[in-house]
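The first chain written gets the first letter, and so on, giving A, B, C, D, E and F; residue counts start at 1 in each chain.
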């Protein structure tokens, strides 16, 4: 099936807002389970959209930006993948294969954007110094615009020009490359955790990291249970102090006793 | 089969002593696994008594009075249920259905009794003030008498008059009501735990409650294992103090050093 | 098949060095998985040696000397067992049955040796007092010689004279005795742990013993995971101290404040 | 936090306030209690809950158990009355472990500790033992013995009953009498230590107690929902697809906390039981339980 | 150890150094913030990551969210600028829990705390909440909702999408607005307590945070080897026969620690992602992944 | 409690008692030990248990391993003898981790610490490492390597033996030599820290040690009963129906504690082994094992 300019534009605009939702708004309508059907609506095949969206949701399960570290981009992955599935009528599995390289490219693109964006911070410092609230707001709005446009292009172009060639293009790529990227995707969360650790990990907390790891690796407890356990330990630690104070006090009396 | 007056009286007396055993004596001959056979003996069908008793034991498993909170009453449940099974020859499952409403009624009756009994406490205060030991003892003996009689009636009456009509009576009740009461029975322990918590739970102990819950809910450890774990934690806490003392001492020297 | 004097001597020498390796060197070429093939080589049936060695490795899994406490001796067990398997062509299972009594005898022999060896320590004290380094070294070398010879004999004699009679000899023994010794073998580690506990266990450490036990008995965690957990707990304890110091300091200021 | 600190303080106050009326007139150590006396106490402790009620709980039976010994210790009538009054205060513990508390208390009575610190010790030790005992005996020992007995009974063997009765009571009476003597002897030699450590012992016991209660909630409160969300041919089982994935024993926890809130609000057990029954039946009719 | 002590000290220094420039000129308590103000803050917090970048992370959006309130509080321009400058410092937390931090901070701003202690509190509370929030929402709530939604979608039902959107955002917006009001109100009554306990709260939060991160590493980093050692007909699967027996999630742990080392070495995310991709592809071609 | 306090005291005493005979005459720092010296020590440590016996355990081999270095450090004969005498005291640790202890000790010798604190450090560090090492190497590394090797061997492949030997000894010698150098270098720079922290390090190590021993008891002691109670057609399997429901590894725990009691009573290993064998055989004949 042919994807019309209008449809491609529609998908671009969808990408624009979904892209913002990934970091702002966070209603998570940008997840495949919802984005898929929306693509389906635009391309006039809701059913395929729903199915493919469901499949992609599982593929991206557990992949979210942690501490700003980007996993393969779920939005472009979903839009390109789903469009492709609808356009060529292949099944979800192949759609994923097509989606991955785009998802990875955008992952890097965004990471680059977030590096570049650092530049404007100095500008913000100036605004802040002058208590120029409008300035601060302008920067944020512009940033959103840039990000959105970036998404628009990454959805519009491949879909409009690529969708039908995508298949050929992907078939050119060696299979190992594709699955290699898939493997890399599975490793991406490590980056986010590493950044979190850089922010939070002091020597005193190493033992708790170990305990959490043990609970998950060997006891296979779900994260929530482990978090609760951590909370309990933290509370014990938090409520312990007074005693010491008490002791010191005891000591005080004891001294007076002398 | 007809239940004779003598047999009904026998069951009543059995209930009298079993009733006391539930809170006093606590040899637990009042549990179905033993009470069932005894009912069987009295009604002249030991075998059915044993079988039904075994079945009811499993039904009441884990239901004991905690902090005075009553679960559906095991004794009347067993006596009525077993008698009914023997009298009408239905299987254990149906016997349970008949037993439940009586068990629930008695559960409430006893709870009521324990509320009423509060009244006599002021009397005890007076005896205590006058160091009247006999008085105190009298109160306890009377209380036992009242409790036992209460059980006697709740066993004698339904069995003597009810046993054979019980079936009809129960069939009148909507099935949902019965299973609803069953569900409620499963929730009853919560009341006991709540009372225990009211007595024991200070903020500092919340974390331990959480740890115990996690161990049981997710790791599905048996209570004994969790209690041992709690013991270990408690011991660590218990033996920690000295160090502090030590430290303070260190501090002392350090001060002298000045 | 006949075992020649030369082969028997070969096995004796093998036992000599393997015996040393069990406590010194510790390359663990004395474990059945390696010793078996070596016996096979000497007796000219490598294949059977490999197979039997593999089987015996599993039998002796988890049996190592702890705190000097001897389990049934793996070396003589393997050499006698494997030789027997090769000589009479029985399968591994029977070979084990033959191996056990010898393994047990040597276990006791070595334990006896280690008790006797205590005598020479006073001699070492004298050497030490005179700073006679040569003397110390001589004692160690001699001890090795004694131990090695002991092994030589225990391998050479039974194999040379026994191997073919072993079968008959073993068949004489009541089966219960054999499996009884097997059971005892399974209990042996307890002795090692007991000695370790004598060395390490103070009251303050009892809770950690309990925690380790729970983790292994109920949660069935592997030892490594539990050790990591213990490490985490130890670290928390290790890094806690400073705070106290801090507190005392706080106290100090507070006093000055007065 | 605060509450924690606060309560600590209050404790101090109590243990400090030296209202004379709490000191025994006759301060001479009471007569030694013989093994017979302790056994008598243990036997009488069987009636601990004779006059059980929701105002003082086991107070009546508790005093009943101590009486003979108290009479021997306090020859002076006004002391006896002082002591008896003190023991009519609310107390609740596990009926098997109670003799442990009684033993300690009698040792303190004999050495004529002031009534306040006796009461403090009594509460501090008794309360947590309640939870621990329930876990160990009502909810571990009993189900195990019962389970074995039942399995034999279901095969028609009377041995189930015998097995159950013997196994259970060996533990029961062993503890009841063993602890009584142990605690009294210990108590006699360790009064100062006990006074000093009551708080610490109580703290340790409470840790164990609350840990097991947390476990019991998840283990023994049975409450699950049958509710489902149906959408076309797709169905979401609230319990299996949502709750269990998030937190098994979620509803038991919630319901227990609700009960806890109501208990603190002062609801009577009767009201709570009624509520629970209404809830269960209503839920069944609504088709969500 | 040392590092631990060192850092403690540094903290003290910071909280001690009373550089005047960090004290607001106008020390009079700012105007009360209405529910409308707090709601506004919560709404604007949706743009927390509008200008997200690797130098200051959420700083831009963070300030954006606070602006209206800050303008109301700091009528004096130089104070406003002082405050805004302070808020342009690096900050990163979970976008759902951010309103909790904002609420506390606004309370402190209103009572004109000095900028340094405001900044300390901000960092101390925000950082660990980042890890906790990621665990709770990105890696627990999201997969659960997503899993359910997907399973319905795969049966072709659009309800999957609806269910997902509703379930997820009930929690999302509930927290975002709930925490905002809760934190502000709490903050107002608890400034001293907060200042005193910042360190302790941060410590507690970090304990939870690191515990979950340890768990997340084992749960969400997927990395296993397909390498084998073949010997005759015997084969040893490195993953199944060695690694899994020794330590499941061994490779995820190692790789995370590698990333951590590189992050500390100052590698940019871009480099880390590239490295990871090279690693993945190379490993695949080498046939060990 | 008491025992704990008591022992703390005793420790203090030891570390306090400054009997001159424990101070080296020549207090000048000894010659630097070269990599060659440390390697020599590591090689000789292979004979750690050459003269193993139940009175001093590894003392003889321990001293043997240190000799060359000691000769270099203590040029003064009386110091050398003083040091050698000190090292003939009982010591027992894991043969792989021993070089870690040796390294630290040599560093202390070189800086001429007094013999007492050297001995204390030796014991404090060596003892717990014994338990830890046994758990890590004899009961984790060995079974894993052995298991893999055996599975290959059972398929008739000689590679099993090779694989086992290589895998095991890479770890073995890696640790033996690695730790030797690491510990010595660390020791040199950290003497004061070590002296100050010996107790704390020992405490930490003991925590790990006892935790693993607790685990080992449940994991490696094999003891179950085959006893049954038969009643009519109903049968109660003591192990499966009672013990396992109550506490898996119950008998291993009991038996270990029994051994422990006897060891403390001073029973010799020989007696314990005999007892165990009698027990095993008798139990078998009695049909309960």
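Heads up, the rule we're going with is that a residue touches a chain if its C-beta (ideal position, glycine included) is under 8 Å from a C-beta of that chain, and two chains touch if they have at least 3 such contacts.
This is a predicted model, so every value here is computed, not measured.
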Smallest number of contact steps required from subunit C to reach subunit D: 2
Pair of chains joined by more contacts [C-beta pairs], A-C or B-D: B-D
Between subunit B and subunit A, distance of the C-alpha-averaged centres to the nearest whole Å: 53
Whole-Å gap separating subunit B and subunit E, where each centre is the average of the chain's CA atoms: 49
For subunit F, residues that touch 2 or more chains besides their own: 1, 4, 140, 147, 151-152, 156-157, 160, 245-247
In subunit A, residues with contacts to at least two other chains: 203-204, 206, 208, 210-211, 213-214, 217-219, 221-222, 224-225, 229, 231, 233, 235, 238-239, 241, 244, 248, 251
Sites on subunit D touched by subunit B in the complex: 1, 3-4, 7, 46-57, 59-61, 63-64, 67, 71, 77-78, 80-81, 84-85, 87-88, 92, 95-96, 127-128, 130-132, 134-136, 138-140, 142-143, 146-147, 149-154, 156-158, 160-161, 164-165, 168-169, 172, 200-201, 203-223, 247-249, 252-253, 255-256, 259-260, 262-264, 268-270, 272-274, 276-277, 279-285, 289
Parts of subunit C lying in touch with subunit A, wherever the complex brings them together: 219, 221-222, 225, 228-229, 231-233, 235-236, 239, 243-244, 247-248, 251
Subunit F - residues contacting subunit E, complex: 140, 144, 147-148, 151-152, 155-157, 159-160, 162-163
For the subunit D and subunit E complex, residues of the former touching the latter: 229, 231-234, 236, 241-242, 245-246
Contacting residues of subunit A [partner subunit C, same complex]: 203-204, 206-208, 210-211, 213-214, 217-219, 241, 244-245, 248, 251-252
